[in-house]
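I've put the structures underneath this note.
In what comes next, chain A is part of two complexes: it sits with chain B in the first one and with chain C in the second one.
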Partner chain A sequence: MPEGVAGASGQRATRAQTWRRRGADVAAVLVPTVLFALARTVDSNLLLLVTIMVYVVLAQGVNVIYGFTGYLPFGYVGFFGAGAYGTYIAVAHLGAGAVEATVLGGVCAVLVAIVLIPLLRLRGAYFAIASLAAALALSSLVSNPSLQSVTNGPYGADLSQVFSSGGSYWTAVVIVAFAMLVVVVLRRSRLGLQLRAVRADQVSASYAGVNVVAARTGAWLLSALLAGLAGGVYAWAISTFYPTAVFDTTISLFAIVFALFGGVGTVLGPVVGAVVLYYVYNAIGVNDPQYFQLIFGVVIVVIALFLPGGLAAVLLGARRRLATRGADAG
Partner chain B sequence: MPAESASAAPIGEAPPASALLAVAAVTKLFGPLRALDEVSLRVDRGEVLGLVGPNGSGKTTVINVISGLLAPTSGRVLLEGQDVSGKAPFRLARRGINRTFQIPKPFPALTARENLAVAFHGSRLTDAEILELVGLGGREERLASELTASDQKRLDLARALVTGPRLLLVDELGAGLSKTELDELAGILRRLVAELGMTMVVVEHLMGFLEQVADSVTVLNAGAVIFSGGLSEALSDPAVVKVFIGG
Partner chain C sequence: MKVHRRLLGLAGVCAATGGVVAIAATQAQAGHTRASAASAPKQIVVGTLYASSGAYAADSIPQYDGVKFWVNQMNKQGGVYVAAYKKKIHVKLVAYNDQSSPTTAATLYSQLITQNHVNIMIPDFGSVLTAPAVSIAQDHHQLLFDATASGTVFFTPNNPYIVGAGIRNSAFWPDPLVQFLVAKHIKKIAILYDANDFDAAQAATLDHGLIAHGVKPVYYQSTATTTTTYGTLIDSIAATNPQAVIELGYNTNDIPFLNTLPSAGHKFNMVFTVFPGQLPQLFQQQVGTKNLGYTYTYATPPLVPYPKVNLGLNTAQFSRAFKAAFPSQAVDYPAMAGYGTALIAQEALNKATSFSQLAMRRAVGNASGKLTTAIGQFKITKDGEEEGEFLPVGQVFPSHGGTAIKVVYPTNLATTKAKYPAPKG
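Presenting the complex of A and B:
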């Protein structure tokens, strides 16, 4: 084949791949967003839908920090609670509107993450335990009666003056779209590639010229922002809450298991994990929590033993096998 | 390149203008263990210095100190006269010092192309040209974990080259390779010096490999420099012979 012709067909193939990839990226952002936007037409329980979207965002936040850096944040709920209380403070003390307050909730979580950057010096179980301790400390701080003038201490926060089930629902849809966009961009970006490299081998990554600390910090702040926004919109949706409700460590656990079940490091895995498992929880966990705890425990064991890559790994593996079989047959 | 160019640098004095790298009286302690004992060496631009010595003599520790993985306990590492001692590897990579590893450390879940795309781009060559140069042309889309040990070493080298190093530290590239693979890699290193003007420090046990690439050698024993000069003189130096053969 003449070189020019081979070059032209090669370029066409590359261009086709690029367009296919862009199409997949756009679909990854739009499909969940549109499905959640339409969900209210089949399920009128807006608080349930907002809660599922909140868990989708949290699972994507875990995806960013764990899937891309390997840090497992058992104290992730700290950012969620900071977002909820940041939203409350913005409404109650700054007179902000609910949407602006939700954004400020995200900013508040990022500020907490900045304070906690030194935790990134720890690894493995040490990091997991330290992040949990930080979340508990933050919870104690927020619920301290001496901070009643700021957080209303242990007596709970009231956002009923800005309550809007529709407003919080549509804001949650936008936050889901934002979370999907963050993960898609991160996956395609050089930062995402660098984070995957850092996760594989931080020494090699450093010799590749990657500023390991800066890359990890970027992922840490991004995941905090997502949790803060989720906390903010959740606070808006439920309207009144106590510190124990938004600093409940079960929230961290749910987000982590949802992300792992779907598949961390992928774009859609955490979405599928959050939707499927939260619906299971909603179906049986509310009335018969003991059965859900049993199922939840079994799911964790199955993931740890047989599905370290989650559902996404199973589907991707099946696709690869089919492609290989097709190539062999061809 | 004259064999005398790799000489012990005068301690505490600025290196000559031609020196790209000067290691001045570097000592490295690991607790009570003196891994490096006032090691000094100098590498001129375009020179390939072989670093040899028995196991545990401190060769890799020298590479680790120069490349920023370890900070020296005392002494200095100077790049073009500027103190770079203890700077983080990513800063040194951006300033023109990079290295390969005795056991290659590519990112296993990334393709060869992605392994290079991760890196800071300081080279005037494109990634494709670098992969071609190291002999990985046509294997760009292979996962690093699927490459042979020899190809993983080439990928390790390629990733270092992407950052555009002026000083390349090569840590036992030849270990575990066949004669043919060794000759190919020696040829690649020679091309890097001849065509890109690269300066190198090559840690190697295989004298045949060093004969092909090194202009001079520095011999370490128990963390101290015992010889600096030409390879053939080293092989007839009584102190070196005693260390390697005994007696």
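Presenting the complex of A and C:
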């Protein structure tokens, strides 16, 4: 075969691959967003849909911090609660509109994350426990009666003046799109590569010129932003809440399990995990919590033992095997 | 081998998930009912939530039983009378388990309204689990018959879709307690309260009330609602040498507090906690006569009986009938609050001339101050907040191997004299 022809063919293949990859990325952002936008025509329970979207965003946030850096944040709900209360403060004290307040909720969570950056010096179980302690401390701080003039202390937050079920729903759709975009861009970006290198071997990555501290801090702040936005839109959607409702550690646990079930380090895994498991929870966990807890426990054990990469790893593996068989048959 | 294990794992997860979805779909189908708007509905759908587990289970389950009791009573009588249709209609109860989670409760309230299309909605126990219902109900123009939430943020002039049908705002609860402390000339008072709406409102009233009588508490401190370890806090309180210690918490706080007192080695002349009066059997079981004896609490129905009522059963009749219907369930205040709240919903259906939520709200407003049920007078403010309930001070006395709570203040309601200071040992 003449050299020139082979070169052109190879270039075409590379270009095709690039376009396919870009198409997959665009689809990864658009498909969940469009499906959630259309979901209200199928399910009239808007708050259920908002809650699922909130968990999708939280699972993506866990994906960013755990999937890309290996830091498992059991106190992730701290950012969620900070976002909810940031939104409340923005509405009640700054007179912000609901959408602006939701964005400010995200900013508030980032500010909390900046304060908690020293936690990144810890690893493994120590980090998980320290982040949980930080979330509990934040909850106590927010509900302290001495802060009544700022957070309304233990008396709860009231956002009923800006309540809008439709407005919070569409804002949640936009936040889902943003979360998907963040993960897609992160996965393809230089920062994403650096984070994966750090996760695989911190020392080698450092020798290769990766600024380990900056990369981890970036992922930490991004994941806090996502949780803060989720907390903000959730606060808007329910509008009347107490500190115990938005600093409930079950929220962290659900987000982590949803992300693990779907597959961390992937784009769509956490989305599938959150949607499937939350619907299951809402359908069966409500009236038969004992069965749900049993099934939930079994699912977690099965994932930990047999599917550490979650559903996404299995599906990708199956696709690869099919492709290999197809090539062999050809 | 590795591939097979992964596939086996995937099959296991898929089978479990598929099974769950199938069961859930069947349940959802079975629970789905719609009322016809054109004519009288075949049934009045009452929607509520309960918590079978978690922090609020001990109060939520009896409240739910109280509502169930009312539904059974109505159906035995051929249904509830609905004035808008001038006929009795069968009552159907739709209830979901929120497991004490506000997040779960929020989606379930939405489900009750948008999918079960309930006619009457009674939220779960307490402010934390009622809060997610408030804006959703307002948005869907669904009237909430609030049983046990006392949140100050719920009742506003621009929200006609909530009415306090059971419990009074907790900020008013300590008024008789303040009078009692003043009457007993108790000057050194320690107040420990949980940082939540329900307890902080009581603490603030107590603090302001005492200061108005020239008594400044020697200890006034909040703690997290999740607190269950009280040794250090009790030591700090003891260091101020108080005559009376007031601990304001939920039952999950009161029980460990009372159980820690003897082991902490301090003895106080007076100890007050909130929930022994509401859940006496639970406290007898969990705290015991020795630790509970001579402590003080709010006396609530059925400890405070209302023999003359003009709606439903009186307190004694309810206690007997409830015991017969739920032999394993104690007759306590949350059960009575559930029943009392359902009675107010009954009044709304009995009197509303059209079958709309606002017509029911108007009917309830018209009944304010005119009704007495097994839990006392029903009286609401123009914003819908309950203001008729009155909680006297009760003291726990050892009795026949167990305990009995008797009203000790105010004197016109007292059934015995307070034993102050509490006997040592």
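Everything below uses one rule, namely that the second predicted complex is superposed on the first by the 330 of 330 C-alpha atoms of A that agree within 3 Å, B and C clash if a C-alpha of one lies under 4 Å from a C-alpha of the other, contacts with A are read in each partner's own complex, and residues count from 1 in each chain.
Everything below uses one rule, namely that contacts are C-beta pairs under 8 Å (C-beta built on N, C-alpha and C of every residue); 3 or more make two chains touch, one makes a residue touch a chain.
Every value quoted in this text rests on a predicted model; they were computed, and no experiment measured them.
Trainee: Determine, under the contact definition given at the top, whether A:P154 touches first (chain B), second (chain C), both, or neither.
Mentor: second
Trainee: Applying the touch criterion given at the start, work out whether A:N282 contacts chain B, chain C, both or neither, answering first, second, both or neither.
Mentor: A:N282 contacts chain C only, not chain B.
Trainee: More residues of chain A in touch with chain C or with chain B?
Mentor: So, of the two partners, C touches more residues of chain A.
Trainee: Could you say whether A:V210 touches chain B, chain C, both of them, or neither, answering first, second, both or neither?
Mentor: The first partner, chain B, only.
Trainee: One more residue to check, A:N144. First (chain B), second (chain C), both or neither?
Mentor: After superposition on chain A, A:N144 lies in contact with chain C alone.
Trainee: Between chain B (first) and chain C (second), which, if any, makes contact with A:L111: first, second, both or neither?
Mentor: A:L111: touches no partner chain.
Trainee: Which partner does A:L181 reach: the first (chain B), the second (chain C), both, or neither?
Mentor: After superposition on chain A, A:L181 lies in contact with neither partner.
Trainee: So, does A:A37 touch the first partner chain B, the second partner chain C, both, or neither?
Mentor: Touch partners of A:A37: none, neither chain B nor chain C.
Trainee: Spell out the part of chain C that touches chain A in their complex, as residue ranges.
Mentor: Touching chain A from chain C are residues 3, 5-10, 12-13, 16-17, 20-21, 23-25, 27-28, 52-53, 96-99, 101-104, 106-111, 114-115, 127-128, 131-132, 134-136, 138-139, 151-154, 156, 159, 194-197, 199-201, 203, 222, 224-226.
Trainee: Provide the residue numbers of chain B that touch chain A in the complex, in ascending order.
Mentor: 67, 69, 88-90, 93-94, 98-99, 101, 105-110, 114-115, 117-120, 122, 159-160, 162-163
Trainee: Which chain A residues qualify as touching chain B in the complex?
Mentor: That would be residues 190, 193-194, 196-197, 200-201, 203-212 of chain A.
Trainee: In the complex of these two chains, what residues of chain A are touching chain C?
Mentor: 44-48, 51, 136, 139-140, 143-145, 152-160, 163, 165, 237-242, 244-245, 248, 250-251, 261, 276, 279-287, 289, 292, 295, 298-299, 302-303, 305-307, 311, 314, 317, 321
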